[in-house]
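The chains carry the letters A, B, C and D, assigned in the order they are written, with residues numbered from 1 in each.
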Amino acid sequence: MNFDIIRTGRAILHVTDLDKSRAFYEALGFIETASDDKNLFLRGIEEHNHHSLLLKKAETPVVEVISYKVRSEEDLDRLAAFFEKQGTKVKWMEKGSQEAVGRALRIQDVSGLPVEFYAEMEPAERLLQKYHLHKGAKVQRIDHFNCMVPDVEKAYNYYINELGFSCSEYTAGEEEKIWAAWLHRKPSVHDVAYMNGFGPRLHHVGFWLKDPMNLIDGCDVLASMGYGNAIERGPGRHGLSNAMFLYLRDPDGHRVELYNGDYLTSDPDFKPVRWDLDDPMRQTFWGHEAPDSWFEEASEVLDVHSNEKVKGSEPTLKKRKPTFVT
Amino acid sequence: MNFDIIRTGRAILHVTDLDKSRAFYEALGFIETASDDKNLFLRGIEEHNHHSLLLKKAETPVVEVISYKVRSEEDLDRLAAFFEKQGTKVKWMEKGSQEAVGRALRIQDVSGLPVEFYAEMEPAERLLQKYHLHKGAKVQRIDHFNCMVPDVEKAYNYYINELGFSCSEYTAGEEEKIWAAWLHRKPSVHDVAYMNGFGPRLHHVGFWLKDPMNLIDGCDVLASMGYGNAIERGPGRHGLSNAMFLYLRDPDGHRVELYNGDYLTSDPDFKPVRWDLDDPMRQTFWGHEAPDSWFEEASEVLDVHSNEKVKGSEPTLKKRKPTFVT
Amino acid sequence: MNFDIIRTGRAILHVTDLDKSRAFYEALGFIETASDDKNLFLRGIEEHNHHSLLLKKAETPVVEVISYKVRSEEDLDRLAAFFEKQGTKVKWMEKGSQEAVGRALRIQDVSGLPVEFYAEMEPAERLLQKYHLHKGAKVQRIDHFNCMVPDVEKAYNYYINELGFSCSEYTAGEEEKIWAAWLHRKPSVHDVAYMNGFGPRLHHVGFWLKDPMNLIDGCDVLASMGYGNAIERGPGRHGLSNAMFLYLRDPDGHRVELYNGDYLTSDPDFKPVRWDLDDPMRQTFWGHEAPDSWFEEASEVLDVHSNEKVKGSEPTLKKRKPTFVT
Amino acid sequence: MNFDIIRTGRAILHVTDLDKSRAFYEALGFIETASDDKNLFLRGIEEHNHHSLLLKKAETPVVEVISYKVRSEEDLDRLAAFFEKQGTKVKWMEKGSQEAVGRALRIQDVSGLPVEFYAEMEPAERLLQKYHLHKGAKVQRIDHFNCMVPDVEKAYNYYINELGFSCSEYTAGEEEKIWAAWLHRKPSVHDVAYMNGFGPRLHHVGFWLKDPMNLIDGCDVLASMGYGNAIERGPGRHGLSNAMFLYLRDPDGHRVELYNGDYLTSDPDFKPVRWDLDDPMRQTFWGHEAPDSWFEEASEVLDVHSNEKVKGSEPTLKKRKPTFVT
């Protein structure tokens, strides 16, 4: 590969009521960088770029794109050349066409997910040490995407072999097929995970917290503000990744994970960790089952070219969720 | 009242395999004060008395007594006189008849629960500042009992009016009847709680932890030692009491709560907090439902006079658990 | 004794600039119950009474009184009778003469400290579960007073023998004289501590936090708001009491301790813990020395009858601070 | 650059008593991978490589090398070619000559520090999820080196321009000269920091903890085992890096930092943060001064070719420590 994808960059989600969304995400501790009657730009307290979450007012909640930051403008050109050579149609978003972001490249990826790459984003003040402005769960930065796709092995092979991602952990399902995989560019457990299921859909966007107590603070503040219903699963500790987690559903049903405590995956000799799908400690190290909604519900995605919703397909592996044999 | 009950003192539980029990409770961080082939005496890291949990080897898991510490030997005499005057048969356990405990008084209480009172217990080294000996959830001290009884109002009235307990919080059920009540002598939320259900049974013994992170440490250590199945509910925050909780089932099914974070209830002008049974924030402030086992299962108790299991009765209030209308 | 002192109730401090004080205490997480141009009434998030800290606008920073809550109006009458019998002049503050407080009794105590007793205070909303209103160090409730007095043994004997306090821990100085003592009515380590030094002066008012992480949150928020200079000592763990601590100086130099993590002292058979003055683990379990200001500086106090500053005296024990022999 | 340095790898320290060192480092939570009467190999609970700290028995405590892990054997060859072209003498340690490590390259770097590069190290079991084996401060992994050098700008320029490091934060001293700089390869605040002072010397090796409470656990356990004297500074929060810190001195005086809570530095558009040397929030965000020993004392280093101690030089910038103007 002659291009360098750095990390998970931002997600653009369509939401039906910006005020409701603003109230929810600010309760969680997100910082509003800018907004108008169509857009709400949010960032975490550590972030020095303009936003990591862009909410756009729309009729229907859906995912416009998930975006990766690349090293330079040249990386964008090389990525475009690579995709075109492969027969993947690219869509350029010229600088100025999107607020706060430079030139961007969009494609529908191997799983049918809308993916964007950009190198440049306007700076914003880092509020990491403005502790008196930290609220709720004190969301620190974007960490990863988790996508539900019909063919995890296809996505896995493409992102590793063609785009230079590495695998940290994976779940083996039927006949040792990969049921789910955690892939990274930055040396954390993941920038993106793929999970077997009806898709392509975005399962959640994961945000990093500064410590495990902030998960508890997040629950307490959400509950005291009347958002108890938004808590779908957790807090708990993942077996896979070892991180503490909390899954929330925003007012439109988009899922957000608050996440803290994985590990460094910088080394080429790190051996991907294998988990069995039915291992009760895989999802929750403490043995709790996830609710069915967590396996079944996810956000639909748009086609970057037609702006229509992408029609999903049934997954290649039959099993939609683990069988708990505790 | 002319007697002074200080606090929850100890529980005596019958277990079927002392080695299994020892392994479990030591994983949680309990300290073993003494043991032989019939008895295992455990205490928390703060405790300066010999034990707060006595496990006795037996054929069947059952509760022998729940015990309160009183101020002096004279308080025991006055309690005995009070019970006898009321027609409640008392059983004296003379000093020397029980290891590490002075003279003790046993009765079958108004709910049919086996209750013991004692003033004297041998001292033990406090290990509060021997931090290198703290393990697991670092259990600090016994905090309370929770009992399932058929008639909560009867127990409530007796313990408040006759024994001098105060109510911190309660749950209102059908026709404003008390469905559950939290009563205290020490100025915390409770020394004992009563909950509507088939009984008399002991629902759980609660132990105080030093901070909320110890609940997470407890889960992590239990899970990594293979005790994931022991985690029945939590960690979470109670609406009622505001404490963080974790419910565990020991190898015989006895339930233990790890508990941290309630508040001071010393003031006579403190108004008991009322909760509606169906308030989704009552049990878990974050809105999680408790599993059915939590409402249905509890430990049977012995008759202090016959040493036979007490036969239970159906509760007076029909509702066995909340209806969640979230 | 035929009166029942329940607990540390409130402190009244004179400050020179109410706006500066308000900004500081609100940064710490105190809740403002009421205020006017002369008074600022503050409470912690758990407190159901109107205030635990009353700041009054004045020319000079000084302590007006430290106050204990008693069980009933009758306790006040009995306390007054007791003091008068002893020849201690009492001053009644009739109901209505002080905002939010019922009838109060004031005396100059055995050490020359201005002490108040009251049974009644107006209620206020408990904000314990309004998590979205918690800020800074999330101060939960008043816990204790610490006073510097010339003759600790005199205060010790009087509060234990005449007023019914118990000793949890103490520091032995020259010839086994008591250099400092921690005394309680509620079953915590202390409601009041006395320390050998030039006095009578108020060394600090201690407030309880909900967990150790709140000490760190408090430091972070104070520092990011420009109050770094207010941090005098800590965070650290006390050997004596085992609590985590943070000492702050308010804009007028009054000292506040944020405090979490002591233990239950309900039992009559609890043996007071003895520390040697020069034990390096006594003050800070981790061995850090306290700065000289901590030993030398304290708030002067008023005479409850003359409203003049009380003239201090040199302490009976020569040693003003430990000699560290680490 | 045509070589890829991944991260801080290991330090080799000479110590005078392996048993004393073992007791100290195990109290902190290090895991012993292997040992004999000359060597003690230690790793953190997350580490999948054999060791990150090698203690060798010797007459005098000194630093043998600080080591970086590179991507591949070819990177070693390219590094060797680069150094030789520059006239820097290289020393090859052939595979088999060092336990558990493949071929390694050693040089005396631009500051006179003994530096090693290696690509291969034997694997070890990751104990990240063996929570029952975690002790003390639960040291998770090696994070960084901090070196005291006479000419920080020389080191800064060399590591950035020649070896491909990036600067995250720096301290400006006299005439805007760089007084200290934090440089990284992995996207954290640093793999190595350089600080103005008599040198070359190793100031400390930094280890990552899983959360801020582990700093407090570390202090408590060290103190209760009698290692209170080992705590030199902290716990506190750095202004620079934002991390929580604790500085310890091992039995030979080598300094170890326990560290948690910096941020992601992956982006090429991240602007290095500038601090003024005399900013009281730089070292400790809360305003605490570091003790003089922290500025003056550091570990001497060996010459990789002669195995003699490197003779130090006075620093180019006069100021040895900040002037606090709080």
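The rule we apply is simple: a contact is a pair of C-beta atoms (placed from the backbone, for glycine too) under 8 Å apart; a residue touches a chain by one contact, two chains touch by 3 or more.
Treat the numbers as computed from the prediction; the structure is a model and nothing was measured.
Colleague: For chain A, which other chain has the most distant CA centre?
Modeller: C
Colleague: Is the C-beta contact count larger for A-C or for B-C?
Modeller: B-C
Colleague: With chain centres defined as C-alpha means, what is the inter-centre distance between chain B and chain C in Å?
Modeller: 33
Colleague: Take the average of all CA coordinates in chain A, do the same for chain B, and state the distance between these two points in whole angstrom.
Modeller: Result: the chain centres lie 44 Å from each other.
Colleague: Can you compute the centre-to-centre distance for chain A and chain C, using the mean CA position of each chain? Integer Å is fine.
Modeller: Chain A and chain C have C-alpha centres separated by 50 Å.
Colleague: At which residue positions does chain C touch at least two other chains?
Modeller: In chain C, 129, 211-213, 220, 223-224, 285 touch at least two other chains.
Colleague: Using the touch rule from the top, collect the residues of chain C that touch chain B in their complex.
Modeller: Contacts found on chain C: 6-7, 46, 48-49, 69, 71-72, 120-121, 123, 128-129, 140-141, 186-187, 210-213, 239, 242, 260-261, 263-264, 266-271, 285.
Colleague: What part of chain A is in contact with chain B in the complex they form?
Modeller: Going by the criterion above, the answer is residues 212-213, 216, 219-220, 222-224, 228-229, 231, 235-237, 244, 280-281, 285-288, 326.
Colleague: Give every residue of chain D touching chain B within the complex, in rising order.
Modeller: Within the complex, chain D contacts chain B at residues 27, 129-132, 135-136, 211, 213, 217, 220-221, 223-225.
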